[in-house]
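In structure tokens below, several structures.
Next come two complexes, and both contain subunit A; in the first it sits with subunit B, in the second with subunit C.
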Partner chain A sequence: MLEFNNIFEKLSLYFQYPFVRYALIVGVLIALCASLLGVSLVLKRFSFIGDGLSHVAFGAVAIASVLKLSNNMYLAIPITVLCAIAILSSSQNAKIKGDAAIAVISVGALATGYLVLNIFAASANISGDVCTTLFGSTSILTLKPSDVWLSIVLSIIVLTLFILFYNKIFAITFDEDFAVASGIRVKAYNLLIAVVTAIIIVLAINLVGSLLISALIVFPALSAMRVFKSFKSATICSAIISVVAAALGIIISILAGTPVGSTIVVVNIVNFALFYLVGALKGVKA
Partner chain B sequence: MKKLLSILLSFILLGNMAYVNAEGINTAQKEPILVEAKEPYFIDVDLTKLSSTMVFGEVYNMLVNTQDYIGKTIKMGGMYSSNFFDLTQKNYHYVVISDAMACCQQGLEFVIEEERKYPEEYPQIGNYIEVVGVFGVYEELGTNYPYIKVLELKEKILIQ
Partner chain C sequence: MTLLTCKDLSLGYDGATVVEGLNFTVNAGDYLCIVGENGSGKSTLIKTILRLKSPISGEILTGGGLKPNQIGYLPQQTQIQKDFPASVMEVVLSGTLNQKGFKAFYNKADKQKAKDNLAKMDILNLQNKCYSELSGGQQQRVLLARALCATQKLLLLDEPVSGLDPKLTIEMYKLIEKLNKEHGITIIMISHDFSAALKYASHILHIGYKPLFFGTKDDYLNSEVGKAFSIIGGVANA
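Take a look at the complex of A and B:
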């Protein structure tokens, strides 16, 4: 009981710091946005798109750092969006398809980004900058109010688009041919998904770093799909899991002094294990 | 003969109070450096009570939003570091903290007002120090630098 009191006292002290409140707000919003698209991306077999685009975002952030831009997102978002469009909109007749396209673009961007950072070093601590961008150690705790507002605006845009076009996204996820036959502009909506995914990934670099972004997209969706079979239920459950994991991960990391990104991912892994167990028990009972 | 050798060995071991520094050279261990406060103080920001993740975030906040901390009494603990800058021909002293992954480090400069000889009257580089001081900003060569004006400093000797 005494330990819980100590933890609550520490938390109430920590919440007095504005950067903790900013981290929670942005962390929860990013996790929510990532999870909404996660179900669709997992079902379309694009789970690794998060990884691929995050490497592109890393490369873009590296170039933005060298150019000393006031906010790296001004360059990272357009470049990542372009690459997302190139990957997700690639046709069946493309010479380099699907996973190969992701591999080519992502590895190329990662290597280019690291090379650029080394040659045109903007700070004295290159490995620290690279490590922070890759693993998101404490970047979420160094947000300025302008970063928070930008994240809020972008998250509202993503949420609005998802809610407005939910039915279309549902149709495209399960049966693109049927969607085309129904008169849905599949290419346009695939483009929309690509753009939204790119925005979420650039935002998520601050939270979990480039290497761990896939976890935010994939784990909540997979956990929800263990238990819920309908698209709507799985999406709602995925959103709840993701938000809880992000909030819990941030709180645990500031209490225990652990890296924020990895702590959030570990909480997601634990959630996945629990939901897998629940799903297995449900299957046994049925 | 055996008794003589064991007595000799004991004297050598007892007499050697050194620890090995980063270069592997035995050095004589000096007394921990202490700067005592001349008057009582009240701590406004105590970083020693925060987790390492929080400390990193708060120090970053202090470096970015310096105006919010000027005049406040700060207590922080970290690794002592020092470097000599050719342009000003001065030694600068820092308390350095790392983030949870230890890949990123931040440092805050501290200044001891009284005249002290470096390195004899400063902590051993790499040792843990706790500094209490007043946060301020000074200008040098056209750039503003945040620093802590030391009220109290305690060094903890690294035991290896």
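Take a look at the complex of A and C:
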């Protein structure tokens, strides 16, 4: 009982800081956006694009921090979005292999980012900076107010787009040829998905760091798909899983002093194992 | 009224020609059957008509106010992943999307349309099942229901009865005939079933055999290729 009281006290103490509350809101929103798109990205076999883009985002953040911009995202978002467009159009061109293009862009961005940081960085703690960008901040208190507001606004835009285009996203994910045949502008929607993915990835850098973003996109979708068999239920379940995992991860990391990003990812992994088990049991029963 | 005109069309992949010298027209109300051996380019032709791929040379002109969103399409194969979470209803409803423009959500009429077409395919009871867990023939029925939802003027069917049981095969042909005769929907169908092709179609396009044949069914029956192949179909003896 004493233990519980302790935890509660500690939490309520933390939640008196507006920044902790904001961080929770931002974390949950980003996790929500990532998981919604995740279902489609996983099913379209696009998850590797997310992975490649997260490395690009690392490079872009590195350059932005050397340039000492007021907010790294102002540079990182346009660069990552451009790369998303480049990767998508190259993977639609059969002559250039899409996966090779992604490998080139993502490794190139990673290397350039680290090099730029090493040569130009003013701060004495380069490896600390790099670690933060790769694995997320150790403390969510480092979120700047401008980060918070940008994240909230962009998340709301992403959510609105997703809801408005939900049926079309289903159609192009399920059967692209039929979607083209029935006059849906598949290329435009693929582009939209890539751009939105890029934006979410940049937003998520503050939360989980660029190396762990793919987990936020892939795990909730995979978990939900183990148990749910319609697109709607899988999408909704993926969203709920992701939100709960993010909130739980953030709270645990506050209490235990663990790094936010890895904690959220580990919660997601445990959750995946659970859903895998439930799915297997359901399969046995059916 | 001419819906489609193909002029000197050559089709193929990465520069390798599969068919060349395709010249034919499809008028509103026609029932065109495309026949030809495996690999002769029938599916490729349908995909080109749908603009899923571009022709090597030649052109396809559409007329009669035919718009892409008035076309229903049944693909020969769809590579849908084994564990794709999609219910039958979701799949069939997506057939109504082409009429919705910028409207985001399905309304009652769309849902009713989906249900009607599920009933036509005799699979209303499967509506909440997972598509990827159905049998091959059941999946074919679902995709047919989806194609029917999307059809306003033109229906393109790539081997619609493959995988269907005999009972539904007959019903399917009757349904297509009804769509054609009563609702004035133009049909382009690929089929290996010569007897059905000759029974229902108004026009035949025979590819993969030189010279290519295009014309009415009666002309086909009197042509060299028609005579040769209708015996295989068992029509000559009938």
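Rule of thumb we're sticking to: the second predicted complex is superposed on the first by the 279 of 286 C-alpha atoms of A that agree within 3 Å, B and C clash if a C-alpha of one lies under 4 Å from a C-alpha of the other, contacts with A are read in each partner's own complex, and residues count from 1 in each chain.
In the analysis below, contacts are C-beta pairs under 8 Å (C-beta built on N, C-alpha and C of every residue); 3 or more make two chains touch, one makes a residue touch a chain.
What you are looking at is a predicted structure, and each value in this text was computed from that prediction instead of being measured.
On the superposed subunit A, the two partners subunit B and subunit C both fit, without a clash.
Of the two partner chains placed by superposition, only subunit C is touched by A:171; subunit B is not. Touch criterion met: A:144 reaches subunit B, while subunit C stays clear of it.
Look at A:232: by the touch rule set out above, it reaches subunit C but stays clear of subunit B. Our angle of interest has its tip at the CA centre of subunit A and reaches the CA centres of subunit B and subunit C; in the overlay it is 170°, to the nearest 10. Contact with neither subunit B nor subunit C is seen for A:120 once the two complexes are overlaid on the shared chain. Contacts of A:15 after superposition on the shared chain: neither subunit B nor subunit C is touched.
In the superposition on chain A, contact of A:74 is made with neither subunit B nor subunit C. Using the contact criterion defined above for the overlaid structures, shared-chain residue A:132 touches subunit B, although it does not reach subunit C.
Remark: least CA distance from subunit B to subunit C after fitting both complexes onto chain A is 38 Å. Residues 39, 43, 94, 163-168, 170-171, 174-175, 177-184, 224-225, 228-234 of subunit A are the ones that touch subunit C when the two sit in their complex. Those residues of subunit B that touch subunit A in the complex are listed here as 49-54, 56-58, 60-61, 64, 99-101, 103-105. Here subunit A touches subunit B in the complex through residues 13-14, 17-20, 23, 125, 127-129, 131-132, 135, 137-138, 141-142, 144, 253-260, going by the rule given at the top.
Those residues of subunit C that touch subunit A in the complex are listed here as 14, 47, 50-52, 67-69, 71-73, 75, 78, 80-81, 83-87, 90-91, 93-95, 97-98, 100, 104-106, 128, 130, 133, 146, 150, 156.
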